[in-house]
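Below, chain A partners chain B and then partners chain C, in two separate complexes.
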Partner chain A sequence: MNPDIILLGHGSGGKLSHELLDNLIVPTLSGITQSDQNDAAVIAAQEGRLAFTTDSYVVDPIFFPGGNIGDLAIHGTINDLSMAGAEPLAISVGLIIEEGFAVEDLRKILETMRHAAQDADVKIVTGDTKVVPRGKADKLFINTSGIGVIKHDLTICGRNAQIGDKILINGNIGDHGIAVLASRDGLELESDIKTDSAPLNGMVKELVEQLGEQLHTLRDPTRGGVATTLKEIALQSQVEITLSENSLPVSDAVGGVCSILGLDPLFVANEGKLLAFVAPEAAEEALAVMQKNPHGGQAAIIGEVTALADGKVRLKTAIGGLRAIEMLAGEQLPRIC
Partner chain B sequence: MKHQQEYRDPGLAKLQLQALNQVVSEFDGVMTFMEVCGTHTMAIYQNGIRSLLPDKIRLISGPGCPVCVTPVGYVDHAVALSRRPDTIVATFGDMVRVPGSSSSLLKEQAAGATIKIVYSPLDAVKLAEKHPESDIVFLGVGFETTAPTVAGAVLTAEQIKLENFYVLCSHKTMPGPMSVLAGDPELKVDGYLCPAHVSAIIGANAYQPLVDTYKIPCVVTGFEPLDVLQGVLMLTRQVIAKLAKVETQYRRVVKPEGNRKAQALLNQVFEPCNARWRGIGDIPESGLQLRPEFSHFDAALQLPIEVEDVVEHQGCLCGEILKGKVRPADCRLFRTACTPENPVGACMVSSEGTCAAEYKYGISGQQA
Partner chain C sequence: MNPDIILLGHGSGGKLSHELLDNLIVPTLSGITQSDQNDAAVIAAQEGRLAFTTDSYVVDPIFFPGGNIGDLAIHGTINDLSMAGAEPLAISVGLIIEEGFAVEDLRKILETMRHAAQDADVKIVTGDTKVVPRGKADKLFINTSGIGVIKHDLTICGRNAQIGDKILINGNIGDHGIAVLASRDGLELESDIKTDSAPLNGMVKELVEQLGEQLHTLRDPTRGGVATTLKEIALQSQVEITLSENSLPVSDAVGGVCSILGLDPLFVANEGKLLAFVAPEAAEEALAVMQKNPHGGQAAIIGEVTALADGKVRLKTAIGGLRAIEMLAGEQLPRIC
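Presenting the complex of A and B:
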């Protein structure tokens, strides 16, 4: 595309805008050559309940090991829908681009978005593009919203954690936050840590089908990490959660970087992980479902709901001590998604 | 990291605890040990060590969190400098949220000041090279572990003849405050877990005068859970045997004479000076200032600016907490007016602060 950088005119609604949409954004995102140019996408009404979610992405840097802001934005919205037990149907993409942004970078990002949506069998059906003057945004911000359909009658929510429930996670924690951090300017850390950003709708579908009513709560531990997410659930369900430090899956690389920087992996963001609260008799089955899934090889049972209480989370440490876990205060790592 | 796991082995921890329980069984009363270093405070909380120790052993936290012991006036000075035109304040992240008398660097940033969080003082030097149009002020806070890296940055700035790089210096040294607290009759500390990495620089011998004067057991201890348990066990054995000597648990890193190279670097750039410690007051020769030949990098001398009068926050017990005299829960602001999101005192801000650790990891009833 000519020119090779985004100009203010690309967001004006005029000729340049149409060129950008028709020559780059629409074909790259959706694979079709001519956009319908209607104001809204139309989706066939579905049996069951609908889930609806939105999220904005401002990650810095926009490219990081294993991904970029684009596939992160698609995965994030797919996962938010999935955590309600919904099957994602359609996604919208809103782009806010800083004047001067390289068209080639935009193309790369849009391509990964299309692949991410295709891999998860979700359609990008509508979108919007704005360009703001240099310095008024940082390169590229993306908003994605999504609609999903809930085809079952189960109540999968944060209020539904029950005494005795086992808590599972589908793999190593902290990869995303540390991958982004390690790729930032000024922190010369050489590591091969990649983001765990991945769509979890397939795994959730399998869990719903296999476990049914024994699946009580699902949530993705993104910002604030596993610790903050579990604290939220403990508060919502009014229970006490006890984790076992020895069972927490953390890669050596992430453990090492966290140790150097004084971070706690429990508070570091994930983008391809889910926490599942399941009835104790279904725990092994849930673990098997996760481990068979491509995004669950390192899945583990990390704790359980130990009592009715006013929202406590405790960690049994590796050496046998007990400590409390609170929500993340302030920002441990700003702009990780 | 496999190496690190060896120092977290549950089986060995159990053995240490058995030994500890056996040793204290013959002891009547309570022993109070102070961990001086903020990293120890965090390690003790993070691993739930207090929940494992016998009741006869009480651990209290001391003045070893560099951000916490930095006086309010220093924060005010940094805030004033951040308001100068064409000035970039470069700092380690923890300092940004520390409340000064009427503002903080975070608030100044929101109001338009340029504050850059750096991971190393050399990043501040690079910043100065990149922005010749601005004055870069690096906030030199920290003990002997951090100060050599600042010395290195100053030497680099000298070498490349930077004229826009400054340090606002508030470096502090050990073991000055440990002597003050050892002599405090209200405290009755029975032994010190001496800092690990500070001791790697200054050497275990640095504690000998303290032991000679106050007859107080000192054990230089590492930061892993098994290190801490062993350090406590060694202190307990000294107390029971009525001994007072310097021992080194953390022998894999700390030598009696310390790191001579780092000491030489410190001496080349800095000289000892009196320093004000939050909560403790002025301690002679417990700080570091730039030597006269490097005074052209001294922000306090080269960038004169009016700093507001210090207003200490009413009711904040940070000072007493830093001396180990009260626990965070004794402060009426703790968890109510003072939280990590909205801190009143520095002990709640720093990731190594006692209040932050108690807030984040403390299980009520276990931290007495």
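Presenting the complex of A and C:
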């Protein structure tokens, strides 16, 4: 495409916009033909309840080890739908591009978005592109919204955590946050840490099929990390959660960087992890489902719901103490997603 | 809420984020209780095809005569769903806020969003909030995505314009673009021109019910204006469209400003207008439906589909000439929506 940077006119809705859409964005993302482009996508009738979610991505930098803002956005929306027990059906992509952004970078990002969607068997069906003048945005922001279909009658939500439930996570925590942080200008952290960004719809489908009503709550611990997410669920379900520090899976690399920087991995963002609350008798089966999945090799049972309470999370520390866990205060790592 | 400006920590996903959500955003937008906040909203099963659309709003300034970025975003998504012949069901709201943005301005904008949604009988069911550092965005960007339900078997789309179709618009053109332009810093245009931003779902529902299969194509002429939108449809349906300049409804005020600035109202954005292509025998009925609607007082028949062709739009000028109409070239009015 010529020119090789994005111009304000690419957001005009006119001739340049159509060239950008027809030559780059639409063929790369979806393959919808020009004659089928309308203001809204039309989707066949569905059986089952619908799930609907939205997320805007403003991650800085937009390219980081293991991924970029594009596949992060697709995975994030797939995962939010999955946490409602839904199978992702269709995704929308809203781009806000800063004037002067390199067309080649845009192409790379759109290509990873398409691949991420294909890998999870979900279609990108509609989109929107805006361009703002230099200095009015930071390179590229992406909104992805998604529709999913809930093909069962289970109630999987934050209010449904129950006393005795075991709490599982599908692997090491903190990888995404530390990968993004380590790739920022000015920070010279040598590490091989990559984002854990991944689609979890396959794993959720298996959990739903295998566990049925024994699966109570699912949530992905993104911004705010595992600690904040568990605190949210404890508040919603009005329970007390007790975590075991010894059981928390953290890679040596992430643990090392966290020590150097004074960060607690419990508060660092993940983008390919889920927390599952399951009836105690189903915990081993849930663990086995996770461990068989490509995104669950390091899965572990990390705690349980120990009492009815006004939304409490406690950590049994490695040396036997009990520490109260609150939500992330302030801003630990801005623009992590 | 305290503090009275948005801080980076309001986007952390942690404690400050939850305070902003619980005290301002969620109660103002939707009234969903805290215990029901999950990663995705769950919506009852629907009968009929679904429509799905997304739009990001980056309008500058964010407040302008007759509206602001918030109701503009809600109307825009309602209208995009309506143009597929769908009844709007649920809307998502993704906010990207610049650090330092006034909480009071945010509150005003959220309130108009809620009212706009209520007026059109559509629910805001899910959302996302990001905060970026000062200078990394321009005050506030809003993404709205929407799901609609198509409760009929009609095919209303850009490919369906047919020879002989009459083309109607529901009122004066160019109001939105000129209202936003006139409110920009540095431009001292004295005018009473207000945005035409409005929800068109009610009008579309009546058109669908009254016209049935005689209703072929609907599209709202936003960025790029009536000219660009008609060119899109001409290309999609492979037809020639002939417009009559004498029939184009333009207010004296908008016509005046356009003359001063050298703008053509045919290329100026609208946010409460639709173009309808209808079978010729249904044109008068469609006109009557529009004129009875609160948003259609100035409705007019402005042209027709005159031939099969490779996507052509012609304007019969007031003095009897014929002028070829192309898409908007370059960027006439940046950040108009």
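Throughout what follows, the second predicted complex is superposed on the first by the 332 of 337 C-alpha atoms of A that agree within 3 Å, B and C clash if a C-alpha of one lies under 4 Å from a C-alpha of the other, contacts with A are read in each partner's own complex, and residues count from 1 in each chain.
Note that contacts are C-beta pairs under 8 Å (C-beta built on N, C-alpha and C of every residue); 3 or more make two chains touch, one makes a residue touch a chain.
Note that the coordinates shown come from a computational prediction; the quantities given were computed from them, not determined experimentally.
Visitor: On the A-aligned overlay, A:Asp264 touches which partner chain: chain B = first, chain C = second, or both, or neither?
Guide: In the superposition, A:Asp264 contacts chain B only.
Visitor: After superposition on the shared chain, which partner residues are touched by A:Glu190: those of chain B (first), chain C (second), both, or neither?
Guide: Touch status of A:Glu190: no partner.
Visitor: Applying the document's definition of touch, where does A:Arg159 land relative to chain B and chain C: first, second, both, or neither?
Guide: Only chain C; A:Arg159 stays clear of chain B.
Visitor: Is A:Gly48 touching anything from chain B or chain C once the two structures are fitted on A? First, second, both or neither.
Guide: After superposing on A, A:Gly48 lies in contact with chain C but is clear of chain B.
Visitor: Could you look at A:Thr317 and tell me whether it touches chain B, chain C, both or neither (first, second, both, neither)?
Guide: Only chain B; A:Thr317 stays clear of chain C.
Visitor: Scan A:Asp4 for contacts with chain B and chain C and give back first, second, both or neither.
Guide: Once the two structures are laid over each other on A, A:Asp4 reaches no partner at all.
Visitor: Quick one: is A:Asn246 in contact with chain B, with chain C, with both, or with neither? Answer first, second, both or neither.
Guide: In the superposition, A:Asn246 touches chain B alone.
Visitor: Return the chain, chain B or chain C, that is in touch with more residues of chain A.
Guide: C
Visitor: Now for A:Glu326: first (chain B), second (chain C), both, or neither, which partner does it touch?
Guide: Touch partners of A:Glu326: chain B and chain C.
Visitor: Following superposition on chain A, which residues of chain A contact chain B and also contact chain C?
Guide: 326, 329-330
Visitor: Can you tell me which positions in chain B touch chain A when the two form their complex?
Guide: It comes out as residues 1-2, 4, 8-10, 13-14, 42, 45-52, 97, 118-119, 123, 225-226, 229, 339-341, 351, 359-363, 366.
Visitor: Any idea which chain A residues touch chain B in the complex?
Guide: 186-187, 246, 252, 255-256, 259, 262, 264, 314-326, 329-330
Visitor: Could you pull out which chain C residues touch chain A in their complex?
Guide: Per the stated touch rule, the residues are 7-9, 11-18, 34-58, 60, 79-81, 83-84, 86, 90, 92-96, 125-128, 130-133, 135-138, 141, 143, 145-148, 150, 157-159, 219-220, 222-224, 228, 232, 235-236, 267, 269, 326-332, 334-335.
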